[in-house]
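The chains carry the letters A, B, C and D, assigned in the order they are written, with residues numbered from 1 in each.
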Amino acid sequence: MKKFTKLACLVFALVFCAMGLISCGSASYTANNTTYVIGCTGPLTGDAASYGQSVNNGAKLAVKEINEKGGLNGVLFSFEMVDDVAAADKAAIGYTSLFEKGMQISLGSVTSGSAKSFAEAAKEDNVLFMTPSASAADVIAVGDHGFRVCFGDPQQGTIAAEELTKTYTKIGVIYDTSDPYSSGIYEAFEEKMGALNKTKDTDYVVKTFNKESNKDFSTQVGDLKAAGCDVLFLPFYYTEAGLVAKKAAQENYNVPIFGCDGLDGIADQLGNTVTAEVKYITPFDLNSEDAAVKAFVDAYKAEYNALPDQFAADGYDAVMILFEAMKKANVNDVTISASDLTDLIKPILTGGEFKYSGVTGKNMTWDAEGSCNKDANIVTLDR
Amino acid sequence: MSEYMLETRELGISFGGLKAAQDVNLKIKKNALYGLIGPNGAGKTTVFNLLTGVYKPTTGTFYLDGENLTGKSAIEINKRGIARTFQNIRLFSNMSVIDNVLVGMGNQSHCNLFESIFRLPRYWKTEKELRAKARELLRVFGLDEERRTVASNLPYGKQRKLEIARALATNPKLLLLDEPAAGMNPQETAELMETICFVRDHFDMTILLIEHDMSLVSGICDELTVLNFGTTLATGPVAEVLSNPEVVKAYLGD
Amino acid sequence: MNTLINGLCLGGIYALIALGYTMVYGIAKMLNFAHGDIIMVGAYTIFSTLALMGHPIPAVIVAVVVCTVLGLLTERVAYRPLRGASPLAVLITAIGVSYLLQSIAQLIYGSKSQSVSMGNLGSVTLFNNVSVSISSILTLGLCLIIMVALTLFVKKTKVGCAMLAVSEDRAAAQLMGINVNGIITLTFAIGSALAAFASTFYLMQIPSVTPTLGSMPGIKAFTAAVIGGIGSIPGAMIGGILLGVIEKFALSVPVLAPYTTAIEFGLLIVILLFRPTGLLGKKRREKV
Amino acid sequence: MNAQQKLPAEKKKIKLKHYINYLLILALLIPFSITGLAGNIKGSTSLLLTQIAYSMILAVSLNLVVGFLGELSLGHAGFMCVGAYLGGYFANQMHAVIGSKLVVLILSALVGGLMAALFGLLIGLPTLRLKGDYLAIVTLAFGEIVRTVFMNQEIFGGALGLDTQKYGKTLYIAALVFAIVTVFVAQNLMRSKHGRAIQAIRDNEIAARAMGVNITYYKLAVFVIAAFFAGIAGVIYAHNTTPVDYGFFSFNYSIEILVMVVLGGMGNITGSLLAATVLTFINVKLTTQLSGDLAALKFLLYALILILMVMWNNAPKLAGLRAKVNFRNLVLWIKQTVFRLTHKTPEGGEEPPTNAAWDKIPTKIEMDAVLSTDLKPDRSFEADKPQAPTKGDKQ
């Protein structure tokens, strides 16, 4: 027994020593790259998996198109997304593993909490990220290496308040206290309402939920109906918004539904019972006549046999933006390190001259903080 | 100090309406071997439970060596010197034989959590003392060789012995044995009788035992109390009690 | 009033899931953490059959069959080999099965939530102008019927008696000639069939399916079963309804709403403090 | 009295089994801290090691409750949550005052641990009289309550989580040292009078009470100590990850810790350490290697690994197979083969490798801990029956 245990310990120690030696960090993980590597983390399993999946699809489509056109100066791109289950710790692990696999530039992460964790981890290595969908203000505030494609939460909350007060007298709000995206928008909304001299409970009624544990919206919808709200403001994602819409229809409460970019993708969540008008702030309109959008939607359909949502469009654009910026910087070293690439790209993105027109907006520019300036349009869901 | 090691006065308990034991009066002299017998359901084990603090008596009092222990908690009673074994063996089955005994000795070590965790000198000292004591005890019961065996792997007879050893490890004045011979063959019972007598003499112990095996009872007990339906039927020296017609009736029926 | 009805309705769903939990616990003495995921499978089955046939009734029947078969299968493959092993080992396999079902569902259906339309049955207006949707009434009514039927089944039939016997003392029941394995299998079958019904009502209230649909209702139903006294059929019902009503009331009060989950679980702790074996749980005194 | 004669004294020798747990952690710590202090460690290795370290702390401390005390706790992540939020918050305040990150880490670990212990005391005091699964559900409920409450506090960052300062790449060294401290406390506690009392409670509460063991005190003590270390694990988490994300501390994570304890073997500290290492490693590797469209396979594989491991360890029908095919016999077989190869002379009466000889040695700490799970026996089978005597000795 004793001998044997000793032996086993020895084996263990040796194995770990060996691992210790191979685990030495190397200065350049990108030395062996044969393609430009774009990395990203996002939820691919768990409750939020569909959002990560969409970004993954959109980004992969963009990479495919870039590569079909010959890449950048003949060098192709590759994209890898690691599952982070929308959790901060896994985003950090995902980041390091991607970085060590040779990631040169990234899309950050899909959801706000993990995107922040990603940003913190990437800060040290100076890896630029262009997050498709992490909208919390804190995400790009971590450092000047962070950019985003989507609107920020405060922006949307403010727009929503302005827009809704124009037409409606009593706004019914439901938001998700457990989700930074939702509560971020709501906070801005509440602030703006205050600035507009609107008071809670008379001009707008607020209900909350926690997406982890309350998916039955009968109470919230019933209360808002009883309060006589003439519009529902739903600043959260389409999965839950679809449930609210269906619940409202079931209760014969057919007031218009208004939401933010998270609502995009709601079309196939509504079933055949919802007749209410659905409007949301989005830079991406599935049914737009714009040629670029049309081409994207068709390509997406052909590739995945599904309609793209906002996440997919953002993912697509994020990759395209990075590609355009790299093109403009005339990057032609496939083994360029992430930090060097960041230093090249950053001035271009914030320089003011760089404009990108894609599927989620025309003439997008980025300020020094990293937030994207583009027009918000309000789209009415066409059914 | 009292003449009696254990004295109970009108001890009783009722569960709801059921009087499981009532007016139990025991007077057990020091160093006596006292038997408690009675048909099934007579309330014998209930008396044990009362004496060890598992139940709180609803009536009456009991004294150990002149000290009133009525209503004290099980831990307190154990500390004052009553230890027991169980009708169904209740060893710490996943622990080694010596650890079983050492658990019993816990009340003799005053080493606190902090001292144990940081292995302060007192820990080593008490641990060494206890271990020596425990092995001594195990040797007396012929279990020293098997001290590292997991308790549940011991043969049945030895499990019984270990239970007695463990009870003795708490350093009691009064030992309560609940059907120690249950499930034993005559040869094992004979061995057990020797052990019990040996314990009384060697440890200068007062023993109260519940038993169905009349050969054991008449073989080693000095005095007896017979319980039936929770009440005392007869009490006195063994031969006298066993010839009592009431007792015979209770056991054999009409 | 509305809140109460909504609560009752949600509670009915919790109660149905809790019944499955409680039965399996009472008889197999295991916490079947995969129970919630059987509901998820039921919901996906309904989703698929609805897409194929278009009518909810055959969909429900197919779901019941699929869930029952699945319940039997998991019992046979994952739990029975561990009969007699530590309950914790079985708990871990149950968790394994839960992960397995979730990932299989994601591989088949993808992670995006799928909308399911069980059809709008409309609503009726009761006294005081309170309108109640028919699906709520249906949910509550059927929950009650299933509970009563189950109670009768356990109390009055021979098989039910055998179940009680197994739950009391498995070894003794075996000695009495009861086919313990058979009874446990049957329990899983019933529990899973109940899960299929639960998924039907769940979809009526919450008409969309995701691979992780089952986990939270599963835990809440487990909580409900414990509140009512685990192992007790009416207890599960009461616990479920209590939990549903509390959840809805907490949600309707703005200050409390963010803490709904905390309040629900807090209720559990408070109840267990006063009644350590739940509202209707039997007190077991260990004989010394 | 002839009892005075000397007994053969216990042989005084240094027993490896007393130190193997430390050796295990040191085997991780020493090689990696050499590379780490030289500033030359991969980020992913550092994260992995940190995660292994706090998993070890969690698994060992939960093993105190589940394996040694015999109470099922499904809320260990809740205590971790308390430690992470409160310790993290405290660290944020301290960073302004104290320059040294290490000092802040140690102080905040103490604060986080103590706060978690306080919560352990508060929740344990009223609920520890509950039995078995009822206690389990209360702990589960506690875990869910704690994180919901923290999530709703604006000072802790609300839904986005608490912002903390990262410690940096060398956190794993400190974390592994904390793991050693945990093992030190757990092991010394369990190999003392108190540990015996705690295990006695697990094996037979009634008998333990009759032996004068203070049940409430010990239950509470174990609960509080376990909570303390879970809190420390939480603080390490807070120094490793920012934002501290309430979603992480869900019931699923409590279960993951429980899985480590069960697979490692109840009441087996070495097993917990190994299981924590192996499972964390598998988990991280599955997550990072199965990227993109393959991610959905992760849980599938993880679930299969779990089920197969549990089956292999516990299925009664596989007992025979287990006895034949195990780590020890593998080593035995290797030894014999080596022996045969080196000694060429075939031994006629060579005994086939049997497990019997090993069974007699009741060492709790065994190397193939991952493969042998000595669990609490299934009480449902012997509810109130007398302890089954070993076969053949009763007649």
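Rule of thumb we're sticking to: a contact is a pair of C-beta atoms (placed from the backbone, for glycine too) under 8 Å apart; a residue touches a chain by one contact, two chains touch by 3 or more.
What you see is a predicted model; the values in this text were computed from it and never measured.
For the pairs A-C and A-D, the larger set of C-beta contacts lies at A-D. Comparing the centres of all chains, each the average of its CA atoms, the largest separation from subunit A belongs to B. Centroids of subunit A and subunit D (each the mean of its C-alpha atoms) stand 37 Å apart. Our note on geometry: subunit A versus subunit B, Cα centroid distance of 71 Å, whole angstroms.
Rounded to a whole number, the gap between the C-alpha centres of subunit B and subunit D is 38 angstrom.
In subunit C, the residues touching two or more other chains are 103, 106, 111, 258, 260-261, 288. Counting partner chains per residue, subunit B has residues 54, 86 touching two or more of them. Within subunit A, the positions touching two or more other chains are listed as 44-45, 49, 177, 210, 212. Of all the residues in subunit A, the ones that touch subunit C in their complex are 44-47, 49-50, 52-54, 177, 206-210, 212-216, 218-220, 222-223, 226, 239, 242-243, 246, 249-252, 268-273. Interface residues of subunit C facing subunit A in the complex, by the touch rule stated above, are 2-3, 6-7, 9-10, 103, 106, 110-113, 115-117, 120, 123, 131, 133, 135, 205-208, 210-212, 216, 220, 247-248, 251-252, 254, 257-258, 260-261, 264.
Those residues of subunit D whose C-beta lies close enough to touch subunit C in the complex are 66, 72, 126-127, 129-131, 133-134, 136-138, 140-142, 144-145, 148-149, 151-152, 206, 251-252, 255, 258-259, 262-263, 266, 296-300, 302-304, 306-307, 310-311, 313-318, 373, 375-378, 380-385.
Across the interface of their complex, subunit B is touched by residues 1, 3, 7, 10, 184-185, 188-189, 192-197, 199-200, 202-204, 206-214, 221, 267, 360-362, 374, 376-377, 384-387, 389-390, 393-395 of subunit D. Subunit D contributes residues 16-17, 20, 23-24, 27-28, 31-32, 34-35, 40-45, 47-48, 51, 148, 151-152, 158-161, 163, 166, 237, 240-248, 250, 284, 287-288, 290-293, 295-296, 298-299, 328, 331, 358, 361, 363, 367 to its touches with subunit A in the complex.
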